[in-house]
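The same chain A turns up in both complexes below, where it pairs with chain B and then with chain C.
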Partner chain A sequence: MKPTKNNLNIYSLTFRLPIIIWQLLFFVGPVLFMVAMSFFLVKNYRMTEAFEFINWTKMFSKNYFWDSYWFTIIIAGTSTLLTMLIAFPASFTLAFKVSDNIRRWAIFMLIIPFFTSYLVRTFSWYVILAEKGVINAFFSYLDLGPFKMLNTHIGTLVGYMTLTLPLVIILQTVTMANIDRNLIEAAYNLGCKPKSIIQRVIIPLSKTGFIIAAVFCFILSFGDFVAPFYLGGSQEPTLPILILDTTKSGQQWPRAAVVAIVMMITLFSIAFIGIMTAYSKSFKK
Partner chain B sequence: MTKEKYLNFILITYLIFIFVFIFTPIAFSVIFSFNSQRFPTIPLGNFSLEWYIKIFNDPGVWQAAINSVIVSLVTCILATFLGFCTAYSDYRYRFKFKGLYLALVLLPPTIPLIILALAMLAWLSKIGMSGQLWSIICAHSVLTAPFAMAIIRLRLNQIDPDLESAAWNLGGSEWATMRYVILPYCKPAIISSLCLTAAVSFDEFAISWFVSGLNKTVPVIILEIVQGNIDPQVNAIGTFVFFTSMTLVITAQIFFLTWQMKGKNK
Partner chain C sequence: MSYKLVTFKNVCKNFEKIPAVKDINFDIGKGEFLAIMGPSGCGKTTTLRMLAGLEIPSSGEIRFNNRLMNNVKPHERDTPLVWQSLALFPFLNVQENVEFGLKMRGLSPKIRNKKSLEWLEKLEVKELAKRDISTLSGGQKQRVALARSLVMEPEILLLDEPLSALDAHLVIRMQAVLTQLQKELDITFVYVTHSQSEAFAMADRVIIMNVGEVSQIGTPKDIYRSPTNRFVAEFVGRNNILSGKVYDIKSNIAYIKTNAGCFNFQLDKNKPIQKGDKINYIISADLMNFSSVKPQKSNIINCRLISEEYVGSIVTLFLESTDGTEFKIQITERELSKFNIQNGNKYWLSWSEKNVHVLIEE
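== the complex of A and B ==
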């Protein structure tokens, strides 16, 4: 049975309407209200509804906003690049060097951390990376260190990877495992060296999946406040930390809304560009 | 050949190293929860249940645990219901603006939680619903419904396309077909979805923290303890949290894999 054409009756609407109502109430409503809120005024710690551009001009004229903006983009971008590179050999191994059964088990294992408390895992890293933590205690046996890892970019990056690495490996593995093996064998039989098989066969064929993995990785790192706050030390606040500070301590919800909207626009542009490039070349063939 | 074996060995070692990286924080959280030191490091201190006793005697933690259970239970039922309805609509009907309809459902998880949290906080205070358990439940159901929808949609893909029309031809009404054919068929996916959405809701902290007010859930308690000092209580709570969500995720996966295999054998 093919999907039936639009016929509006009680039965079909019973299934179609709940989510529309729910998302309008608790998703579209909040997001639109946040956009409206960015034009509200705050007087004597109370928010009054208005239509003024003062929050936008105030935020855009502040240096710390732009510093934080570029810092967030750079560190999330670095994290995306590193995560993709670190994940690749692992995904490659899972896709080509192990049996189907082991691959299934590995993916099974990799899904688990994605759905278990990121917060507790971050705290665990805090203890492991600390000045007197596990890693430095280990180094002291070798008469090395102590190395400062907490409150540095390394801390932030480790935190981001805790969040993104399992997902990126899953997406890369699934993409590469779906490549037609005959193509790789053909390249091999035609005398292609392993290195150029990776460069000229595997990577071009998995472009779409890789870009999607990178986009997800960027979105997750860009929007995360836990890693830069607890592991990165928050001296250089990222945009999520800026939202947090502005909302929690300053009572400046409208300005936090400005930051949030800028973040959303940035993410949508990056996701859009990513998806366009991911699907672009496949038309040319 | 030996060169390739050598390379394979390196790759497998690398893979194991990556898995160690991923599971290290989980392992250490569990180990440190039984460790007597105030600032846990190696060499380990003595085995101790101190932190567990401490959290068991803390009424705040109990209250948070009860709140978390309520929130994730209601969320998982609500999200699975919403996800099922949406998946079925997508499977069964073609209609105008279907792309928009699906985007509306699938978009929330791609928006950073901190932004959703701010938007929810502002909106729920506006409509006078903030600071209650219900506020968290509404937000979580929006966040988790896409996961439910995706899982159930995959199951509906496997359904024999003639099954539904066969039931109608035999005189079953649409409602009866739903009740006796579609729902039983989707049961494993529904169970998977209940577990997975419960797990997501159980671990979510950003939105909960923003909108919960005084009704804290477990992740919010953890966040507040962590903000203060290093306190191994977090490891004890964390161990509970891990085992709860891992049980849920693994159950979800077992149901998912079981029907995936059955689908392939057909």
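== the complex of A and C ==
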């Protein structure tokens, strides 16, 4: 069937309209309202409609806002880097060293964690990371510790990885499993040593998939509230915690909106740059 | 054969106990163009991959220059392979692809640049040096893949159906390029293909493989005119194969009875044949004569024309005798135009007793 020039015929509209309405109603609408809200004022704990830049100037002039901003970027970035590194050996094994059947089962197993609420999985780390938890109990046998892991950055990172690690392993595995084996053999055939194959062939060929996995990982960590709040102890607040704090203290919804908009712009830029690099042609080290 | 560069001795390869290659023996001479041909699944690609070290023989010996190679790793060999899929690296440009092997050898960027451009020029694709692989046409990719292998200046080049993805006219051109390169460089080529025309057009010798075994080794002419077994006779060329029994021998002519009728053939001193022998009676399609009136000869048969197939100036006619045996005959289009051809009409086929090739049935 030829695509009709007139895209707005009734047939195609029946299928497109619901999703368009949904997006307008529940995504574009709220975002626009949030942007508008960031210019509102709060008087006597009540929001009033206005068009003032005071929320923006106030937030941008506060050191705690910028501290929180950079801290969130750094910890989400660290989490992304660590997750990508920890996932790689597992994905590499699943992609190249096991049978198709085992790979299928492994991917199935990696989907299972998503059956349970992320909040529940995060709380289960309490038992493991706590001062009298599983890990410290083990160390006390060796006359070491106790180590403080809960309410530290380690806790936050563990929480982030609970969320992202299975997803990143799946994305990396699928990417590498789809590599044309002839290309790897061709590299060997031209004298590439087995230890250089990862750097010379596998990583360049997996570039797109790996960048997409990293972007996903960063977005999920950057916007996550649960891990830094429950496992990180929120002494050093990330932006999602800052949003919560701002709304609590004096009903400052407009200022929370400012934080949210800054977060969205940051994520949009990172996703955009990521996808652009993922699909760019040249790969130079 | 001047000098034996490669020897295969009793080589077997099993994949999880399923044999892919069964006890093959052959030599490859230095500077030889050897084609390995056979239907898919015959073990030809496995044989080639064992040469490259990508498969390890289950038993037997493969020697290069008399050195045992069985367990030498692919990256420690100098056996570049041109892949059926070409396997060019999509993340590198044309020149970087050609330089890849040199880089792995640890050559300096200056030498790499010089050599890669030199080979791209030899293959007439120098102007593409900075292009992206995805922007090349099939024929251009083919040349880049060849340059990437040849830049290694190996003693032996392995080719795995490299022309199978190209258009017919490009295949002919690349065949010329390959044969010319091979003669010029004096490199041994091992060329795996399922295409008879490619193998016969280029190779000095051809190995025919079937279900993991070597069926016949010989020059293209040997294989075309004197197949040593029924498989080769059926696989190669358009042969008419009749089964029958020798019922009489007079001086040097033997007489045979088949389902299609009684025919005769000239005896070959090297092939003793006796009365009562069961034989395959083979007449190549291009050695048959075609006429509309009954010829006054001994080996003739009356057939109904079923269909015709034109490939360039050569026409293959498919006919059927009264007992249902199929016959094929190849004649030039020019000769055929002398006849008023019509499907369903009856014509006469004939052949000389000297042009018959005979195989004794085991």
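The working rule: the second predicted complex is superposed on the first by the 265 of 285 C-alpha atoms of A that agree within 3 Å, B and C clash if a C-alpha of one lies under 4 Å from a C-alpha of the other, contacts with A are read in each partner's own complex, and residues count from 1 in each chain.
To be clear about the criterion, contacts are C-beta pairs under 8 Å (C-beta built on N, C-alpha and C of every residue); 3 or more make two chains touch, one makes a residue touch a chain.
Note that the structure is predicted; figures quoted are calculated from it, not measured.
Once chain A of one complex is fitted onto chain A of the other, the partner contacts of A:180 are limited to chain C, with no touch recorded for chain B. When the two structures are aligned on the shared chain, A:88 is found in touch with neither chain B nor chain C. More residues of chain A are touched by B (comparison of chain B with chain C). In the superposition on chain A, A:201 makes contact with chain C only, not with chain B.
When the two structures are aligned on the shared chain, A:188 is found in touch with chain C, with no touch to chain B. Looking at the shared chain after the overlay, A:69 reaches neither chain B nor chain C. Using the contact criterion defined above for the overlaid structures, shared-chain residue A:160 touches neither chain B nor chain C, since it reaches no partner. Touch criterion not met for A:218: it reaches neither chain B nor chain C.
Per the touch definition, chain A reaches chain B in the complex via residues 1-7, 11-12, 14-16, 18-20, 22-23, 25-31, 33-34, 37, 86-87, 89-90, 92-94, 97-98, 104, 106, 108-113, 115-128, 130, 132-134, 137-138, 161-162, 165-166, 169, 219, 222-225, 230, 240, 243-244, 247, 253, 256-257, 260, 263-264, 267, 271.
Every residue of chain A that touches chain C in the complex is listed here, in rising order: 180, 182-183, 185-194, 196, 201, 204-205, 207, 281, 283. Contacts from chain C toward chain A in the complex involve residues 52, 54, 73-75, 79-81, 83, 85, 87, 89-92, 100-101, 104-105, 132, 148, 152.
Within the complex, the chain B residues that touch chain A are 8, 11-12, 14-15, 18-19, 21-26, 28-29, 32, 39-43, 81-82, 85-86, 88-89, 91-96, 101, 104-105, 107-108, 110-116, 118-124, 126, 138-139, 141-142, 145, 161-162, 164-165, 174-175, 196, 199-200, 203, 205-206, 210, 219, 222-223, 226, 230, 234-235, 237-238, 241-242, 245-246, 248-250, 253, 257.
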